[in-house]
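There are two complexes below, and they share chain A, which is joined by chain B in the first and by chain C in the second.
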Partner chain A sequence: MSKINPDFSTELKKYGAINFNACYNCGNCTAVCSLSDEDNSFPRSMIRFSVLGLESEIQSSVIPWLCYYCGECSETCPKQANPGELMMSLRRWLTTKYDWTGLSGLLYKFIQLSIIAFILTAVGVIVFSVYENFKLENIMHYGHLFEMLAIGAVFSLILIPNIIRMWWFIILKPKVKVPIVYYFKGIWDLIVHMFTQKRTLGCDDNQFRWFEHFILVGGYLALLFTTIVLDWFGTENLFIIVLGYVESGIIFIVTFDFVLSRMKKKKEISKFSQPSDWFFVIWLFLLGFTAFVVRVFIDTNLLENNIWIYLFHLIILVQWALIIVPFGKWTHFLYRSFAMYFEKLQKDIKISP
Partner chain B sequence: MPEQKSGYDVLVIGGGIAGEEAALNLANIGYKVILVEKDISIGGKMIHLSKVFPTLDCAACITTPKVSETARHPNISIFTNSEVKDIEKNSEKNFTATLVEKPRYVTEDCTGCQICEEKCPVVVNDQYQWDLVGRKAVYIPFSIANPRIAVIDIENCILCGLCEKVCPANAIDFTQEEKQTEIKIKSIIIATGYDLFDPELMPRYGFGKYKNVVTSMQMERQLVPTRPYNAVLRPKDGKMPDNIAYVLCTGSRDETIGNPICSQVCCMYSVKQAQLLMGALPMADVTIYYIHVRAFGKGFCEFYQQSKGMGVEFIKGKVGTIKENENGNLVVRYEDIEEGKVKEAEHDLVVLSVGILANTDFTTMFKNIKIGQDNFNYVKQTDELTNPAKTTIEGVFVAGTASGPMDIPDSILSAGAASAETASYLRRTNNEK
Partner chain C sequence: MRNKIGVYICHCGSNIADYVDVEKLKEIVAKEEGVVLAKTTMFACADSTQKEIVQDIQEKNLDAIVIASCSPKLHLFTFRNIAIRAGLNPYNYIQVNIREQCSWAHSDTPKQATEKAISLVLAGIERAKHSKALTTLKISSVNTVAVVGAGVAGMRAAIELADMGTQVFLIEREYFVGGRSSQWNKLFTTDETGQEIVAKLYKKIITYNNITLFTGAEIVSKSGSVGDFDIKVKINPRYIKPGCKLDWAKFEKAVEVCPVEFDDPFNFGLTKQKAIYKNYPSEFPEIPAIDYDKCNKCGECVKVYEDIDLNQKPETININTGAVLLTTGFDPYEPEKGEFAFDEIDNVITLQKFKRLIELNEKELIYRNRKIRNIAYIYCVGSRQLDGENKYCSRYCCTSAIHTAILVKNKYSDINNFHFNRGIRTYGKQEVLYTESSEIGDIFLQSFEDSPPVVEKQGKDTIVKINDILTCGKELEVVADLVVLVTGMVPRKINTIADVLKVPIGRDKFFNEIHPKLRPVETVIDGVLIAGSCQAPLNITESVKSALSAASKANSLISKGEIELEPTLAKIDETICEWCDKCSEICPYDAIIKTKHGGKIIAVVNETSCKGCGMCLPVCPVNAIQLIGYTDVEIESMIEALI
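Let's look at the complex of A and B:
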């Protein structure tokens, strides 16, 4: 038996949901949604759950991740109940539910805590460089080392346990019986979704949005590889240097466009921005931009005298790796792909005799 | 200098069922009434309808006696094809207004023989059949029009002069000009009625793009005795439809198009049309997609149940999108709310049950005084519960759908209230409030 919890709407409002209680259940949103199908009809089902506060039903559902926010439901909703933004805030809420540390919940809800975290990390980097007497070579060496350690730590301590929690919510807790073979069968889909986000192409709005996002993800992952494995800042190889320029260029150009559209608020998807959305796009922009500038300074031999530019980049990098990746919006990269994976498992079971 | 007329008591703006009822009530107790109608015939929207709900009485048979009575009443002067402007309130029971009478280019000598109509070479869409068929540039608006005098649609007329040559009564007069008349009256009733929602504002329903998506008014015309095709046919290929869908709340209860309120009549007229269709096309399936069926009046719920008994299918869920197939059939996409699943269904004709919007003509009629408008653009009723005909101007009253959506009996009731309020206002002495 589920229990009705009217306080849930107050909680959801902290994650950006607006006016969804106005819904009068006409089903227009579900009918105009081009991603909605007979197996997974949404977003009205999620509005119902949210209005009634059926938290466990939402926790065990992959549906919020199936929406790619074209905004058509919000544009045409006769009650202006904003189903699109509700789906978005459910994703934010789910992110905090999957997080075993509970930190992302605090950072999402209280912007002061986010700011304190950003300040502390910045101070940490500065204290460290004072300790190293602002010796560029040492700082850059540790910076590179930090990247590798951070990735390892964040994944093994935070992200992988979180995905296991997500799996527990969606598959184990509702007692969905999935034979082990299916997990292997679905892996290809997981990889395809993770790297192409091809489901976005089902949205009725323009395909340019998908393309921008696609090259951003590609550019970001490639830059990660180029700086960590190929040591972009240390290399003399011309090909790697140019590659890094292109990748960081893609990142800051695309994110600049994202920031701009969030400021213009013309499209439904960019009308409502929470602090977590701003942090994500702005930090990603700064990350790409400062990396680009640092390499320019290296190539023009100016970095020795302008060590501050590297320190600035390092601060952004540390904040990105310790705050936004484990507890912020970055996680949607993993949760979306895994939600698609779990959805495939659920579907496969239904089809099999 | 415009012509001046005085000696009237009441100006009734709008010659639909509410305006006629109010004018008749006042004329019958001895007041002199001017009735001004923007259209070329009085009768309003009701004269175009097939049957009324829930009794299934013939709408024209109810309204035409009232139309004739209004037209022939010695105390009522009718101005058709005319508009009111520059209303000024000088003091209590002392208003002046200007009537602008547009030229018909046909004099009152017209006998309504329609020979001109036969000869006229110009064919354009017939607005009185909601564009389902054509009409000539010189035409009698519709068979039961009152006055039954032809009119020349000068914008589409090619000035060939054929009508002038053939007219046996010499009634064609191309020299007519716009005529302005200044009138003095003691009080005013606004009965300007409503506008229908234009579904082209909702491109996802494809009205205007897909020919087999029609409005409920177009379906209504297909169900009257003077119907355009003399059968119910779908417009694209003339096929007799056998699977018809109704989309309720098209342009009502929808904040995205600025009309958040219920139109109060769409559920019931759709149920009515569905029943009439069951008679006209006994083999046809009729499906009504609804958010809530609002069958709130006397006998309405029984009427709704009756349609279910006759085999009309009701599906809870607002239609999201309509797409056309190659054969002209339409695919409607909706969420079946009872199952919570998104579904698609094919129909060969889709009727959009369009809602009622405020006719905002009244806002520009007043000159030295402003009339209040409510949040939904209707005439503001300052005392909705105890004095429903009262507006923000003392001496100006409102009748029928000018004050909000309502059905025919309610419009007549409202007109009764407005005429009683008006009579009471006129009888009161000046120093009494």
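Let's look at the complex of A and C:
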């Protein structure tokens, strides 16, 4: 027995859902979706749950993460109920539900808070630089240290607890009994999905988008490795220097294309942009671009006299690491992979004797 | 005896000829005594064939024709007209149905189909031999129509008839005009209120000299027939002196002092009504009325309102009219006790009552001291019943419920609408309402007819549960502050007019037309027409359409001054008849009159009322009755040919 909660619609609209109440349950969206299957049929099922406000049903579902937003459902919908954008909004809503701090929800719903957070982090970096008397060497040293610390802290304090919460919602709370051995068996799938996003290829017309996304993820993770472990900004090794250039180049070129397509609004996926979407693509672009420029300034020996360029990069980096990664759209990368992992567990149990 | 008979056998393309051996049929028929011509033809109804038949009749001097073809329902009049054009009496034409009765019915056994066709055509020839030339009856008619029911349909029909020059008597049972429409607020699509529409029509009606309006009036008896009905109308007094203008202050005082108080039927019991009343201030006619049946004549009102005259008496007047048009409307379905907890849980009401509740609550929606936020609408109550008698869809209710839900949401804050339906039927333009309501967040839940939603009490809460087929049959529930039963239309509970006029009633208990597609506003009682929701559940648009159609039908029927009737009627041989009353008892049309003739009492057929149904023939113990066109001689000769 589930109670209907019409107020949920209003809540969901704050996460970007548009006009999904217009749905009259024809099911064209599900019929046209190339990823929907017998076990997990969507998006109509999710629209219905959203209209009825069955929160716990949505919370325990992996379905929103199974959609890669090709947009065909929205194009086909006879009532312009935007099923594609609804699925996107559910993903946004779910990330705030997984987040134990509750900050993601606040930052999603109130853009003012996001702006304040961005300003505070920028001020923090500047104050710190003043404290260090703008000594480039020191600041770069602490910048490097920060990267390492931030990754450790964000993962251990925010992201891992959140994944555990997600596991609780999807597996434990609905009392899905999963033998331990299944968790090990599924790990390969988790890794493959996380690094390849191969399910995207199941969408119609998504090959190029998948390729862009694939090299972006690769470039991003590689740059992370290159700056932290190989110390790109400090190294004299030509191979590492070139590697860093290529990686940061990939990041800002691909994200530039993403920003452009969000501005052009030609595809369904880029028609509706929430602030969180803009922050994600713009900051990632700036991250790659400033890193690239900083290294150029190092190689041309200009950085010593243009310390501001490094400070700008550091501000972007801190904002990225403390706001967008733990509370913003970056988490989709993680949750989606785990959703796929949990879905595999559910399926394995179903087919096991 | 006719002995120059022409027989035409139609192939009907391949419809007949593929199964019935038409050539063999022609050969046999041609040998028959009295047949001077036998032909086959591809299509008897084709223009060229019709011309050929006319030519044959004239050249060969035929005195009767038989056409073996389709059902007379389809082409009787087509072929009769051929006879008329050729100068032959149309009643000397006989149609034999060898399509529906032979080729179509026996397509598996063509041999037998042919044999049957031969027998039927031979019988038809026998009948043709004995056929008489008949002339249609002509009766005179007065150009007057009595329209019964001054709702929107009745008033619109009255205006139309008056425009065409017909004298109209508009007879309304209530003291005020408008009928059901005046109870409804804003209407789709124009957002006009029912009361505004009623006011518009009334203001137009009073400008016509040839419309006479009676209120508080009912037809109590009818005699005569089409073109010349005599109806008696009983008019209850209004107890207001004639010619008085409304004095609102005095009227309010009179209401105050009136001791008679009862549940207001206009507001479905949401308010109390006094014996002196107006349902709403701008109601027409403007002057108030005192309910004849409820008033106890205490005289208190007369003391404060001198225009009141309690000495008025009911009167009965006679009206001579050519036709009667019934626009008597509908009643909302009254749910049974316990039907979706109706009458058991106090916050379960009907849609019609809910509409009045909205009218009466200006700022906040409150029912029984409870502020309403969640409203559950349960659809198809009293319509599309699986077990009950009302199998039909009431058509207007989906639209009305959704329209009302949108109104409520716009009028008050914080309203949630939940529609428990069995499939939404907002046909035509009304679909935009459905879209609008879902876009503003109304929730639609659907179930099959065999597992309807359940309304029950849980503690203080009223819960509506459903296995929603749109959510894979999941059991869902809503805590409802108010449950609105979307009740359909049923025929008027008090429907005395049906007995007085002997209006045929359909299986759905609404008044029945002759043919739903081809003669949708006429009844089998000549001169009695029907329109609006007394005939079937209709919305206002559809009611007005049928009213206009009935108005023009009525006018074309009676405005020529005379009406032609079929001569195929019962005829009683006065020399044989010895009044026994059997025929008049069985006649469904009251067409047999007891008369004195040549010193004895006999039965005589009123030709204008008789339909030629033949019911009286077999009951006559002395065989004094013959049906013209189907006389014993004709029928017996046909039987002989068949055996």
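Here, the second predicted complex is superposed on the first by the 352 of 353 C-alpha atoms of A that agree within 3 Å, B and C clash if a C-alpha of one lies under 4 Å from a C-alpha of the other, contacts with A are read in each partner's own complex, and residues count from 1 in each chain.
Just so it is clear, contacts are C-beta pairs under 8 Å (C-beta built on N, C-alpha and C of every residue); 3 or more make two chains touch, one makes a residue touch a chain.
The shown structure was predicted, so the numbers you read here are calculated from the model rather than taken from an experiment.
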| item | value |
| --- | --- |
| Which superposed partner A:248 touches (first chain B, second chain C, both, neither) | neither |
| Which of chain B and chain C A:38 touches, first, second, both or neither | first |
| Touched partner set for A:78, first chain B, second chain C, both or neither | first |
| Touched partner set for A:2, first chain B, second chain C, both or neither | second |
| Touching partner for A:30 - first (chain B), second (chain C), both, neither | first |
| Chain B versus chain C as contact partner of A:50, first or second or both or neither | neither |
| Which of chain B and chain C A:121 touches, first, second, both or neither | neither |
| Shared chain A contacts, counted only where both chain B and chain C touch the same residue | 24-25, 45, 79 |
| Complex contacts: residues of chain A adjacent to chain B | 24-33, 36-38, 41, 44-45, 75-80 |
| Sites on chain B touched by chain A in the complex | 204, 249, 253-256, 291, 316-321, 333-337, 340-343 |
| Touching residues on chain C, where the partner in the complex is chain A | 416, 418, 434-435, 438-445, 465, 468, 470-472, 474-479 |
| Residue ranges of chain A touching chain C (in the complex, touch as defined) | 1-4, 6, 9-10, 19, 21-25, 45, 48-49, 51-52, 54, 79 |
